[in-house]
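So, here's a batch of structures to check.
Below, subunit A partners subunit B and then partners subunit C, in two separate complexes.
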Partner chain A sequence: MTEKNTPLLDELEKGKWPSFVTEIKRAAVKSEAAGELLQVLERSYKERRGHWKHGGIVGVRGYGGGVIGRYVDEPQTYPNVAEFHTVRLLQPSGWFYNTKTLRTVCDIWEKYGSGLTNMHGSTGDIILLGCKTEHIQPIFDEFSEAGFDLGGSGSCLRTPNCCVGPGRCEHACYDTLEACYNITNEFMDELHRPMWPYKSKIKFSGCANDCTSSIARSDCSVIGTWRDTLRIDQEAVKEYAAKMNIKAAVCDKCPTSCLTFNAETQELSVVGEDCTRCMHCINVMPKAIQPGKEKGATILIGGKSTIVQSAFMSWVIVPFMKMEAEDDFAEFKDLMRRIWEWWDEHGKSRERIGETIYRLGMTKFLNGIEVAPVPQMVFRPRANPYVFWNQDDLDRSGTALDGSKL
Partner chain B sequence: MAILDQGPPHYKKMLPPIIEENYGKWKYHEIPRPGVLKHVGESGAALYSVRVGTPRLVSIDFIRDVCVIADEYCDGYLRWTTRNNVEFLVSDEAKLNPLLQKLEAEGYSVGGTGRSVSNIVHTQGWVHCHTPATDASGVVKAVMDDLYEYFNTMKLPAKLKMGLACCLNMCGAAHCSDIAIVGVHRTPPRINHEVIRKGTEIPSLVASCPTGAIRPDPKNKSVIVNEDKCMYCGNCYTMSPAMEIYDPKNDGIAILIGGKTSNARTSPSFSRMVIPFLPNTAPRWPETTEAIRKILELWIANANDGERVGEWVERIGWERFFTLAELPFSDMLIDDYIFSRETFRTSAQFKY
Partner chain C sequence: MVFKMARGPADPEIKAKVLEYLGKVQKAKSRDVAVAIGASKSDVDNAVKELTAEDLVEYLYITTTFICLKGKVQTPD
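After this line comes the complex of A and B, so read on.
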């Protein structure tokens, strides 16, 4: 018998912020596993240490991932959470739901699992926390029947996610919801059957505000942008001018000083070629300033968190790409296939693509995926002369002593 | 038999009619009050989104509760945000105030918009992770309780995005947050040779170490850890429960600040360590909540209008920040990992 009281956790039911302890207690009314989770957690609070371990591969027929094995370290003491596995379900783009869909998730999970979820996991999936090994296949079968599918785990394409996009945002420079849906479906095999050196993530943000934090959290960041000049509605500028200091709040904060507010005419002007499309002015004056008309996305590669070679932010490899549903996002998909093929060939086990590129050099990577170098890829060029010349370059640039081409 | 590879549920089935009608044709948005967004389409249609904080770890009862509310006020449509808030999507303006009253009566937390503290993106911690150095949900709860007045108001200099990672694998976007709370192990794993001999795959265990600190010890049918190379990530514990990484006396929390992922004004930036260690004082982590409040209040008092934490610190200078914050500077705050050189001051310009 384990102690049923949870004096330490009860402290976390106090205060105004919603309490996860209350949530576990609610689940515990119907689930013995959730009740026992509370006991394990109370012990962690007392001992200041975790009590979970990996332990064996679990999964469903036909897939290599989607379920993560989790076991308590004292199964005799806590038999109901001896197996307490996590199931990942692919979320709808933008985390939009109707209540019917959500109730279906609840009903199936109530039948087999602990009744606890994460809405959502850091990568974006619906996370179902805590089920037994014997129930994994039935859970998948029922969710599949109801129109759901498992998310990614292991060395695969992890579940892509996206911002709210054109569904509810005036800034969206491409259809993030459709791109995420379409591209997730395109790469089902890569997502469900781990076959790469390590995990790889894609996140779709509709503008440079990057609400999915794609630049920090994904190996491939697709960030909406435009190529032409932002559009200004001078009538709306005048309305803003009546209630705010446009020079201080907008022009003075523009990183390239490309905006000028003329107090006399009450008009705002922009030097288009100086603008770096950072979104600040649009954020402050959405009624008056809009992105340009020629919209698409910047593609950046290599973002990841600290382990192992430090945290990387993704870097630009394609400054501007059209992201259109009409052509089925063909250019993007083609690029991703070339990138993954290169990484598959050159990456070491447990090496994220950013680390592989860093180890072998950006130049080799660009050559490997057949992308031509452009200055937008770097903040500034190299400060050393250690260029690795290849024979083609030598043949092109070398000259004989008499001045003739070699 | 399950259908394989059918993909996620189609998002189009999840969109309320007002979104279908105004898809890609939104003109602007406003924040009429904290926690409420008003999006206006080119057609003039207005959609109200009411944002509610959640603990992320929620029961199916919670999900069913919000479904009941969404059925009554939102024709059954709602969404979750990237920061684990729920948004009720109200297309009938007449239902907005009744919804807000309902949410208040039921004790929901409405807020997290504009210049506020939004929900803290966080990991699993002691609830479900195998390598945590601290709990995640509990620290988040303690910090959000303490900062609640900044969640349901919009009185900060700029938005504040926080992240918590419960070990130094740093799952979640803690490495690019305005304020990051990071669980830290500080001691190498302890090897239980008995458990290893009973059935650990030694080659897999050796391969699991990202820094090559683990090597086989054939004589003892076990492994040896080169403690100088260990960075306490706990990957080896994933492979074998014989490699105990938790250490109740020495595990704790580090605070990093000044990161962001948005490109607005300044480029995205990493969070930087300002406090290398705070103790794991469960269940309410008073040292952590106090340290965060102090940094937050310093930012409120000193930042220019619209300046995020990192923009403020970069403007005044990190050396000045340490003086103002009265935080001790130590060798632990000077980077000695791979890309350290770019953080060294190669200039004779600095402040005191």
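After this line comes the complex of A and C, so read on.
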């Protein structure tokens, strides 16, 4: 029945890709809510406006986040989705499950909710779509019994997220899975009880490939890096040279031109201090080039999507921090507390930390969190509008305001 | 400068002041509560944490998160 009434949605089933419409139609066979969801969505496409209201009070006792209130604006027309709340569950680091756990999630959700899931949304959480207000507490109680907890929503720490890291990836420069797990457990209050001007996100990527897109999608990006030099296996370089043009594919695409391939000796060399750890050469020649041995992470701040201001990429505030032992995590946690304290004091309502820094200046922010400016924060003096240099600094650096040499 | 968020049991006096203030307003951000009752933000956050667990206060999301007395604010149209 729904297929006949959803000509616009039906278009989204065409092509070779999986379709969320097909999946909702499958759910609609046994869920009236899923069927009405299709009707609401079709109508929204036709009228080009949404029919959902968002927010209000929906939650479980003692928690301020984890459930997002959704209400349809014509409950009399769509009674089965009159209340269609979203539940976020904290995901395991790296999204590793066994089948028993996945069955448990689905069984509880089919018992109380629409049966629709989003594994995993842009937040990283297990997202369960569509339940009634009366079922929220029982859902939480059963998931708690099964070992799950709610994720973040509202003006709190959102569920921290990480790449698969050393669980499956040779490029990981630190254990993203352990860092995410350890640091999430530390900040449970911040996750469950919204207390800030707006949301705050932490994402952990094991290397500069940044598989969590942390630099654009998190207030704090923790990106794996190394502080010594690339390790090059010259025998493996020779094997690559036999099947590819290393100069064209690797050296010419190096953003800082720090790699040189000697065609005569078939050897690759690097000027370590010029390398920006972009990962391009490693991605192209993974058997020949590895990150250095002294690994850790770069901490960046301020990434976000558009709301008060336009979208921001995050800025470097700590070029290198070890992320191996509990002491290293303690250093990161202390830094985060200082950052949130400053933002909580100075941020306006609905202002992400990047926007507060944009409004008040990086200098005030760095002073507030007691972090000294370092050269890695900028490309060159005046290249970054948030770090201001005195004339004496510029004279000493030999660089003019436009970046040219004096 | 002390950066750590308050831990441990909340101050009963601050909890009472939070409840009294929330009785006078429809909803508030916890920072506004802290300013109004002359307490530190972290102490208010800690008090609110206990008050929500005691079912006396609840969180309300209207474009950002507010706090209010339990049952005082209905879901907006």
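The definition used in the following text is that the second predicted complex is superposed on the first by the 369 of 406 C-alpha atoms of A that agree within 3 Å, B and C clash if a C-alpha of one lies under 4 Å from a C-alpha of the other, contacts with A are read in each partner's own complex, and residues count from 1 in each chain.
Keep this in mind: a contact is a pair of C-beta atoms (placed from the backbone, for glycine too) under 8 Å apart; a residue touches a chain by one contact, two chains touch by 3 or more.
Bear in mind the structure is a predicted one, so any value in this text is a computation, not a measurement.
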item	value
Partner chain in contact with A:269 - subunit B first, subunit C second, else both or neither	neither
Subunit B versus subunit C as contact partner of A:155, first or second or both or neither	second
Contacts of A:94 with subunit B and subunit C, given as first, second, both or neither	first
Touching partner for A:16 - first (subunit B), second (subunit C), both, neither	first
Touching partner for A:117 - first (subunit B), second (subunit C), both, neither	first
Winner by number of subunit A residues touched, once subunit B and subunit C are compared	B
First (subunit B), second (subunit C), both or neither touched by A:229	neither
Touched partner set for A:367, first subunit B, second subunit C, both or neither	neither
First, second, both or neither for A:62, with subunit B first and subunit C second	both
Subunit B versus subunit C as contact partner of A:260, first or second or both or neither	neither
Overlap of subunit C and subunit B interfaces on subunit A (superposed complexes)	53, 55, 61-63, 189, 349-350
In the complex, subunit A residues that touch subunit B	8-9, 11-12, 14-21, 23-24, 26-27, 34, 37, 41, 44-45, 47-55, 60-63, 70, 73, 84, 86, 90-103, 105-106, 109-110, 115-120, 122, 129-130, 137, 140-141, 144-145, 147-149, 161, 163-164, 166-170, 172, 175, 177-178, 181, 184-185, 188-189, 192, 208-217, 223, 248-249, 253-255, 277-280, 283-284, 286-287, 305-311, 313, 349-350
Subunit A-touching residues of subunit B, taken from the complex the two chains share	1-11, 13-15, 19, 23-24, 26-29, 39, 47, 49, 53-64, 67, 70-71, 76-82, 84, 86, 89, 108-109, 121, 123-132, 135, 137-138, 140-142, 144-145, 148, 151, 165, 168-176, 207, 210-211, 233, 235, 237-239, 241, 246-248, 251, 259, 261-266, 268, 270, 280, 282-284, 305-306, 337-339
Contact footprint of subunit A on subunit C as seen in their complex	1, 3-5, 29-31, 41, 45, 48-49, 52-53, 55, 58-65, 67, 73-77
Contact set on subunit A toward subunit C in their complex	53, 55-59, 61-65, 68-69, 71, 153-156, 189-190, 193-195, 197-198, 334, 337-338, 341, 344-345, 349-350, 370
